[in-house]
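Okay, so subunit A shows up in both of these, paired with subunit B first and subunit C after.
Now for the complex of A and B:
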């Protein structure tokens, strides 16, 4: 098993190289000259200045040279400087990534727990009113556009009902947290800041409900389907012939057998969440990667775009690696 | 007589599918007394498994029923779910057909046995549980129970898995054991030992047994009474000896006559009623362009058509220095040599995992051999995939084991049969006439050309598979267990048909089988294979009557139904003429 993981790890640099290459070609080959993102219109009039700036950012080199420069710098840990924030991309990313991961993991937990529960219930009572309701709701859930739901929930939850605070990651009124992991919920707990924890929790609820909702239907339906598949198996009939009760059959036998596909489903929707977070962060003013990606794209800030791509790519690869490791934990047949 | 333990009374079970009412069993009545072994014999779709599931109250949700089943005097079908749960596993144990799928793949076998105990004995201590599980494993003769208790199902062989299933079934010393085709998925030698274990346990714990099987021979070895099922009805019941030696109903007679035996003077088998005899084959053949005696042109009858010389095949890379070590486990085929002469049927017999399928793929030119040479008409086959003898793809064709998975479900019958010709680049007109010809030989109704595979039964599908093989007008057929997935009466008619086709078209066969009875019926020469080696090759009669190798003897010894064949011969009045090796 260790060998399999080591083998997978050696593949990661190759995948990342491909990812960066494609993104580089897409952003530089198709988008317009990044110089327009760096300089104002007035500055662009001054040709000498433009040439100077081009040289400073290495934009005067042929594209292929820029590409290899970029790769070489990336390998050394230098992702370049943002045209927009004038900060090193790396420090920008380090500041933004925890916010997004916190949001995604929180959403995935909600959707995972809820989706597996609903999927189990629907499969256990297949064909009943409960099953039909759950299926209908998941279908509607997957059909509702995320941005629409986000705006409606924001309006209802925070304006009309005033149950939740407005956009943002933590209330401006409380003293800021000290630097830590960047995961506010964790930092607040570690630093014993109950007020900050409450605030962060209240702030994360709405955006994560929106994100969770967007994947809940998929999880529910796939878990239900794999549970029903498992229920058809001979070993379920054997369990019934043993005299095992129907709940024990659902949980100990069918759900256990569906565990592999559940892991696959969760790893798969993680990718959706990475994309979905972009919209949700923009609407909820969540200072994460998605927000950063949108602003960078607007500003033609290509080193930042490449940086976001790199982080998302690496995250996605790591999630799949974790899923692979979980497979071997869940299934003794893969362990060999 | 006291009340029977299990009494099925006028039971009718039906399924509603797409508003059509299909009856699985119709007005079935039968009793099983305490300590009695009752056999239920029937072919697929005869309703025997439904009867078994109904006895546990495990009918599918869509099923409706009439009549009742009484267990120990109380109604099963009227019982509540919680009452049933206390009966299942405690009063009635169940052994299913396929040990590969009935155990949960992700739980340790010890835990699966323990669950069966715990469901009916809450609060049993861990140590006591372990002790009981181990003693159960000893009961079912699982070696090294202390180690096996922690094994996962995939780490055990099919035979061991079925022993685990039996341990689960008898965990609470039930009064009744229902075994639904318990040994069908297993090799004969394994099957033999398993049946002995089962018989021993039933005696020891004073259980009754309902043994469901398609195999008359197995039932005959163990049961006292037997019920013959046909299309959801019991057509004949009675003491097993009487039913076998003097069957009253025509269906029972046909069923018994369809079983290929180990008798070297085996008569023509009785196939399914509508199956054709050789004259109809010939009359059908006459209606299409004659192609008799076309094959083996220019090849002398005395020279081997196919010749294997010291063929070995291994998978993966061998460690350095081990390239010639045939005992290395990577080898699937080890130093195999034999010849097949024109017009002959050469059978390869062996148990699962013996390497016969690998050998067959090498002969078919699908897998390159690692060492040695396969020659077809003197030309090398299988040195590598691309260099096949001229016209090899046309002259050598294959019939596969499983007619359910070997036909593409989204292709119509015509296209399925025509595909080899399309690959060989024939024109549409030629294809049309050749497909019709092949359908004729293989007894596929020409009307079937636009139908889909799912519209056919197993036997009809296998005929389509045979037509697909015949369509290139081959000289040589490779048959990989062509009848092992079929019911016995269908098996008989397919075997008859294969024999007829061979004679009529002058074909040569390599026929793979695990069933010595089948081999006895079709083959002239037999090779016995074990662990990748051919341990014995000889004429069919010699192999059956005078086996030299201990493994061959063991195979013959393990073949089920010794008492059955004795009865059969006594019934046919020819028992004294031949001394069969089944004795």
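Now for the complex of A and C:
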């Protein structure tokens, strides 16, 4: 088992080096001279000043030296400075991460619970009306653009029905939380702010329902397929032969056997969640990484976008790595 | 010509791969597939003929601003008083061809990489597959955003960006198929006949590898339509006043009280993406009845 994990781990630096190389090529290789992003037109007229700034950012070095500088800086956590906010990108990203993680974890929980339930039901009643309905709904689910669903649900949920508040992460009308972890739900509990907790909870519901919907179809389909696979294996046939009821087979045997692949499924949809969060955050005025990415993209602030890309790439790799390791640890067949 | 030569010559012919007749028969018996084909046909027809029957000019005001849907303006009017129904109908001229072009190049690039990796194996496989892993390690839309931001916003650049991030799926699928097909008898026979690598790849392996790629590409056309709209929504794709669906949804995003601005283009995307999803599902069933159930 340790060897399998070690093997997986050795691949990671290589992939991360690849990520860095791609982001480097994107900035320096394809983009126009970064100096145009750093300086204003007026400053560009002053050639001495331009040369000074070039030197400061290391832009006067040969490309290959810039590449190694870039690698070295990134490894040390220096992702450069945002053209737009004039802040180090890493500190910008760290400040935005909790909001996105809170949203993603919340929606992954909703979608995970619903998706596994629906997938099990569809597999248990394979071929029935229920199964067909669940599959059709999951196909419809992956055909709805998440940014459109967000607008429609925002209208229905907060204007027509008035069940949910409008965009934002916490109500403006209550006293702001003191600084803490950045996870508002946790901070509110720690600081004993019941009003803030309620407000944050009400605010997070709608965006996380939208995000959850965007991955629900995929989870349902994959869980159903892996349940059906499990149902065909020998130990299920044996259980059937011994007269175990079909619900017991579904829940105690098949579900347990496919829980492992569910871990992989959830890691896989994490990538979709990151993508979905970008769009959903923009609509719900959710001050997270996605919102930051879009604002940066609109301002063509590409050091910042590259930072987001790099961080989301690395996060995605790590999530998949953790899923792989869990899988290895949990599956006795692989463990040997 | 000896007996042996004759025999290998016969074996040399690849067995029929994706039988079009069988697929069509299977599609015809599926109501969902027929609905999907009908929806795609209707949108294609709209895209081709809209100039002839468009009720209003897509770019010029057609009445008062921000009218909710009514008899004159079925989908209402937007912030500039343009008819949203007309604009939505024009939108298919961007999304559908662009998605098809993106998918064409995605499949082309992915297939070449997957074919070379699977056929040659060894270090070529290693390098190409690591490149695939690295590209696939980014969440696609985020990497695409990054590429467009670097290339400069625009609808063509957003298509290029999508091709740049979408090919790994095809490459992996095709490589897996090539690995199994290249062990088959007719490929061995072709090798014995000293056919060139190029000929073996194109004539003997390639025709047998299409099933999973076809299914995936069909579903992905729908996803690419959504992604193109997504990039425009972010502000990196088409520019105003283009009647592009993502662009139009963006115009409605800040004004969710005027729900109809985003509704028309949104429904258009849903119908088209859903049609490709259904079609992909039907292809899957036609090509692989057992897995099609999953």
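In this text, the second predicted complex is superposed on the first by the 283 of 336 C-alpha atoms of A that agree within 3 Å, B and C clash if a C-alpha of one lies under 4 Å from a C-alpha of the other, contacts with A are read in each partner's own complex, and residues count from 1 in each chain.
Please note the rule applied: contacts are C-beta pairs under 8 Å (C-beta built on N, C-alpha and C of every residue); 3 or more make two chains touch, one makes a residue touch a chain.
The model shown is predicted, which means the values in this text are computed figures rather than measured ones.
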Report task. Answer with first, second, both or neither: which of subunit B and subunit C does A:302 touch in the superposed model? Result -> second
Query raised in the report: When the two structures are overlaid on chain A, which partner does A:244 contact: first (subunit B), second (subunit C), both, or neither?
Result: first
Requested in this report: Quick one: classify A:234 as touching subunit B (first), subunit C (second), both or neither.
Outcome: first
Report task. Report for A:259: first if it touches subunit B alone, second if subunit C alone, otherwise both or neither. Result -> first
Query raised in the report: Once the shared chain is lined up, is A:279 touching subunit B (first), subunit C (second), both, or neither of them?
Result: second
Report task. In the overlay, answer first, second, both or neither for which of subunit B and subunit C A:330 touches. Result -> first
Query raised in the report: Which partner, subunit B or subunit C, touches the larger number of subunit A residues?
Result: C
Query raised in the report: Given the touch rule stated above, what does A:321 touch, subunit B (first), subunit C (second), both, or neither?
Result: neither
Query raised in the report: Taking the superposition as given, does A:90 touch the first partner, subunit B, the second, subunit C, both, or neither?
Result: neither
Report summary line: Per the touch rule above, subunit A residues touching subunit C in the complex are 14-15, 18-19, 22-23, 26-27, 30-31, 126, 139-140, 142-145, 147-149, 151-152, 154-155, 159, 221, 224-225, 228-229, 271-272, 274-275, 278-279, 282-283, 293-294, 296-298, 300, 302, 305-306, 308-309, 312-313, 316-317
Query raised in the report: So in the complex, which bits of subunit A are touching subunit B?
Result: 233-235, 237-246, 252-253, 256-257, 259, 330-333
Query raised in the report: Which subunit B residues qualify as touching subunit A in the complex?
Result: 56, 58, 81, 84-90, 93-94, 96, 98, 101-107, 115-116, 119-120, 152, 154, 165, 168-169
Query - subunit C to subunit A touching residues, read off their complex - result: 130-131, 133-135, 137-143, 145-153, 222-223, 226, 229-230, 233-236, 246, 249, 252-253, 256-257, 259, 262-263, 265-266, 269-270, 273-274, 277-278, 281, 293-294
